[in-house]
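Each structure below is given as structure tokens.
One chain, subunit A, appears in both complexes that follow, with subunit B as partner in the first and subunit C in the second.
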Partner chain A sequence: MGLATRGKSKVNSYILIVSLFVLAYYLIITIGPLIYNVIMSMSKTDLMSEWKFVGFKNYELNFKNEIFLKALTHNFIYILILVPVGISTSLVIAFLIYNTSGIAKKIYLFMFFAPVVTSLIAVAVIWKLLYYPNVGLFAKIIQGFFHVDSPLFLQDPKIALLCIIIMDIWKDTGLRVVVLHAGMEEIPQSIFDSARIDGASNIKTFFKIIIPSLRHQIIFLAAIYSINALRVFGQVYMMTGNPAGGPVHSTQVLVVRMYQEAFLYTKFGRGAAISMVVFAMLIGLVLIEIKSFDKSYED
Partner chain B sequence: MKKMFVLILLVCLSTALWAGGGQEAPAAEPVTEFSIPEEDVTLSFWFQDWEGGSKWTNDWIDVFEGKYPNITIDVTYLPFEEINTKLFPAIAAGNEADLMFFYDDWLLGKDASKFFGAVTPDLYTYDEVKAVTFESTIKRYTGSDGELYAIPWGSGSNAAGLLYHKDLVDEAGVDIESIKTWDDLKAAAKKLTKKDASGKIERSGVLFTYHEIAYTWLDMIAAQGAADKLLNTETGKWDFTIPEAREALELINSFVVDGIFDPQSGDPFTAFPNKIGAMMEVGPWGLGAWGEQYPDLELDYMYMPLYPGTTKNVHTVASWGSLAYSKNLKGAEKNAALLFLKEVLENPKFFNIAFEKNYWVGTPGSKAYLNDLVEKVKAGNIPSPKAAITASFAPKYVSNIDLLPTKISEPELIRATIFPEMTALFIGNKTIDEVLNYLTKTCTNLEQEKMM
Partner chain C sequence: MKRLKLNKHKTLKYTKRSILHLVLIIGGLFMILPFLWMILASFKPNIDIISVEFRLFSSNWTFDNYAKVFREMPIGRAYFNSLIIASVATFFTVLSSSAAGYMFSKLKFRGRDLLFFIVLGSIMIPPQIVVIPLFLMISKVGLVNSYPALIAPWLINAFGVFLMRQFIFGIPNSNIEAARLDGASDWRIYVRIIIPLVKPTIAVVSILTFIWTYDAFLWPLVVVSDTDMMTLPLILGRYAMTEGGVIAGASMATTSMVLVPVLIVYIFFQRFFIKGLSMTGVKG
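The block that comes next holds the complex of A and B.
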């Protein structure tokens, strides 16, 4: 064997050994528990007094369970409202901030970003108080300014989930604004100059230049927030936690349901099955995201 | 190289699977004679966090450690929801506390011997424990081997009656002593209801916003002698469409229909202390909890009135706070844990602290202590106002316990299933028929799943 080949072989062995440590870590920390979870999702178990293999029975029971189906529906509603409303409001705000300059721009960015860095639990508790029926701040404002009965917010099964989504949109608006604003800053000024020369209004500039230019950022944010909407837990648990899932299960979502099945009712098999459903949906979303990215780069 | 890589990958995968597998059950320990440990021992203890409870536990630990200076109890106070969700996963993982507080209905449908260390025969015989406490609780932590795996601590006595604001009751001229039936309760609650100019309820006469109203509904069905019709334990079938269930639910719902209870008056833990309700259907533990948290409130408690046409109350879902120790303890640590349980059950100082210092209202787990307390109060030797309340309702409560033989745990049956449906009815989301049919189907599925 020549010197070059021996050297190459040494490097290959070194790479293999180092990779194996990383791979072993990944297998033990990620893949191993995933496989364990799959097995648990096919078992009837409370982890202590019984462990019985039941095949896909847990999945069948979940998909026949009205509360699980409600939770699934609520997660889709969460995505359908959080993503478009969140991104469109952030786009408008980012555009308005883009059109300012100097210290004002910095102040606006700071103001909108402040809730992003605030603890989710603290924000959820405060908004829960704001939403308190009849005596909370929002109720007082509606009664005082509009002289009508205020809605019951988190106590009303029809709008409880919407109230949580509004809080969620508010909390992360700053992050979306910063990302979109940064994207706007990357657009060459010459394009705006040309548009102005051609007589384009601000609105036309917004729809014809800015939005198409921010396609990648928008797809990225849509993917991230869709994933967040599928995994939502803290907001729902803190704001409608007594009982968790809100009045008449109106804010029930998959991760809260999973938590209840596994830890409250000690039906770990059922909880594991719900987690696998969430996992499958997340994988699907990630694949769609990757495909959208590839397509937008090709374009 | 490729084959080596695949082989190593398979080894790592197998290791991961093996590492992720469940724990083996510990080998059975030979029965040993209990003795008071002489070595220094420290025991960790998980207890539920509430104001009166933590003060009581701290004072009790001082007494215990004073009597046994070589034993240190390191207590951690956990909110109710956290104890509920932390306990069993911790036991499964083998990192539970040495001493644990829990509620016995969490063990429904489970074998207690897989969870905790044995109390009998190491510390007592089964009959010895049966003689000093109440049978309704020890049934739930009797293991498949016939031995006991916990001791009763006490019962908050859920759905035993109603908590009320004395000042509001006096202001409305309501005589609490005259409330004997639910019809009387409705009349009194009507007097206590306050409405604004538009007829909207500003203050409900009575609040049913806490899940214990679901217990009361089941109790009403049983009081009419229909418990066997409600649940068939052989087939696991529930039937909420029976006339007794419908009539009882209609009675409760009539408080909404007649404008006495606003079902959307908010979280009861905020609404009741803020007098958005004059009375609230809850266990007397509420008096202990809110009495400590809001000392300026003038609160009192009344035992549950009778369902119309019945002569006796029935309590079908009694929940007992209980104490157990970790099955992983051995030697001196195990004996120290058993000693702690023994002192709780036998030493009158344990409940004396609660009642003399006004920390708690509920039913003590010790029969002897309760009987002694009742005699003391009758003789005019009243340790505290809360002790007097306990003496007045607790004997009735325990004698009326007749548990529904369901295998569904309380969180799932009451909090997650029955109470949300009752709320749906109260707020007009569902009709009574829809509620009854849904509960029949869902509870049957849950019960039969437990039998699977």
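The block that comes next holds the complex of A and C.
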């Protein structure tokens, strides 16, 4: 009885049942499928014949495929824009809100947080219309304020991906703001007071006190949002038409590519190989994050 | 002289304050404007939503968009499906994460740390990674297009387990020891002592799980082909397939029906929402 507790003669049924349930669930829903996925990614899979072991052939085919390489690049671009821009804008907004008080502070937090609770898929549908070329709301705002031709947004291959990233930054700004704002409130007031006596300006306080004190939160958010940027699917699927990833593959990302390979072209092996690439990148990011987290504790 | 200087200082302070509030008001409006625009657009004819002339308020108020959605989309059924799936998933997640949270924080047994490591490690294997094998497994057991298949990935949530464990650590051992001396089993302690004390965390885990499952997209997209089993995001997914203006009104009516209930709940329980979701950041 491996699960008996503290040498008691009686088996603790609570521990037995709960731990077996947890173990069985993760074996069936997560670990089992992951192993299955590894095997699949190394097999030639088609619906007609038996699967055949082909080694790294699927990976090779993917890395020789131009669309896959584009998708890979786009995920990196996604991370490189979403993480720094998302975190720095949220830091500024959180600092501004930190400087308000009372009911005003509550209202601002309420407004910034509203998009966070809503559905990403629904928001993508709304933004697709807001981005409508020439006659959409954003196009009208640009024409009205700057008197220039507005860009074509999602229909322009050069900026389509950027448009999706901007929507993504908008949607979760409130979450980052709340996390960072909570962190600011934990900074002892005495630190601010002594800074004020030294004559430090607000901007100096922001860079010299706020950012260093929030490094745990910042690293944590960077990790969460780089993982999110790797997992992007719904945004691209909803905003870039049929088939997803257009125009001319300018918004193609890895999970969308995986979905298309597996469920549109029934190439399960190729799809499984893509998801292993995503998994490897995810592990890499998490390891980097753990490293920098440890480092920031050493300071 | 001194007074003048003070006034000047005050004016500067007021200007700064005003700029601060102005920036935040503009930013805040930018956050809620898309939702206001969505609700207004859902009552406009297509031609007024996508038109050269800009009108925030249309002169032709209409319910046609809503009528069209009810006529052409299984929206009632999708509502039912989404609510059932999100509620059942939330119930199981709360149950499993509180039960496991108690086990991982207060009970000792061989293999506990390994099991907890597996739970935490699962965060690194999100559903996107294993969607292909999961689908093949589900189709092998003939569960495609079923509620069990739609709910299966959301029965435990590693984050929920982690949150509960952190919270239950804080409960004094003396309470539990006293109950144990009275001969209470761990089941009884879980139901009688732990559950009542973790209510705030239950609220947080419930809200998070409900939002996540209500919004789930990739897994339902893969596992559902039957119109009767579609969830709300899948209904919205159909709009991704059609280009542009012809469905503008109908799509805004649908998104309004999906989002307005959530936004109303948010307005009344915003404290829980903000606290709950910020815990994901602070404690994670």
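A few remarks follow.
One rule holds for everything that comes next: the second predicted complex is superposed on the first by the 269 of 299 C-alpha atoms of A that agree within 3 Å, B and C clash if a C-alpha of one lies under 4 Å from a C-alpha of the other, contacts with A are read in each partner's own complex, and residues count from 1 in each chain.
The definition used in the following text is that a contact is a pair of C-beta atoms (placed from the backbone, for glycine too) under 8 Å apart; a residue touches a chain by one contact, two chains touch by 3 or more.
Computed from a predicted model, the values in this text were never measured in an experiment.
Using the contact criterion defined above for the overlaid structures, shared-chain residue A:H249 touches subunit B, although it does not reach subunit C.
Judged by the touch definition given at the top, the superposed model places A:T266 against subunit B, while subunit C stays out of reach.
Once the two complexes are laid over each other on the shared chain, residue contacts for A:Y132 go to subunit B and to subunit C alike. In the superposed model, more residues of subunit A are touched by C than by the other of subunit B and subunit C.
Of the two partner chains, neither subunit B nor subunit C is touched by A:I218.
When the two complexes are overlaid on their common chain A, residue A:L23 makes contact with subunit B and with subunit C alike.
Of the two partner chains placed around the shared chain by superposition, subunit B and subunit C are both touched by A:I31. Of the two partner chains, subunit B is the only one touched by A:D149; subunit C is not. In the superposition on chain A, contact is made by A:V278 with subunit C only, not with subunit B.
In the three-chain superposition model, subunit A touches both subunit B and subunit C at residues 12, 23, 31-33, 36, 132, 134-135, 241-242, 259, 263. On the side of subunit B, the complex with subunit A involves touching residues 1, 5, 8-9, 12-13, 15-17, 19-22, 81, 84-86, 88-89, 91-92, 110-111, 114-115, 200, 211, 264-267, 269-270, 274, 409, 411-412, 415-416, 419-421, 423-424, 427, 429, 438, 442, 445, 449, 452. Contact residues on subunit C toward subunit A in their complex (touch as defined above): 20-21, 23-24, 27-32, 34-35, 37-38, 41, 49-52, 54, 96, 99-100, 103, 107-112, 115, 118-119, 122, 124-126, 128-137, 152-153, 155-156, 161, 185-187, 190, 211, 214-215, 217-218, 221-222, 232-233, 236-237, 239-241, 243-245, 248, 251-252, 254-255, 258-259, 262-263, 266, 270, 273-274, 277-278, 280-282, 284. Looking at the complex, you find that subunit A touches subunit C at residues 2-6, 12-15, 18-19, 21-23, 25-26, 29-34, 36-37, 40, 93, 96-97, 99-100, 104, 107-123, 125-127, 129-130, 132, 134-137, 140, 144, 170, 173-176, 178-179, 182-183, 217, 220-221, 224, 227, 231, 233-234, 237-239, 241-242, 244, 255, 258-259, 262-263, 268, 271-272, 275, 278-279, 282-283, 286. For subunit A in complex with subunit B, the touching residues are 12, 16, 20, 23-24, 27-28, 31-33, 35-36, 44, 46-49, 51, 54, 61, 66-67, 132-135, 149, 152, 155-157, 241-243, 245, 247-249, 259-260, 263-266.
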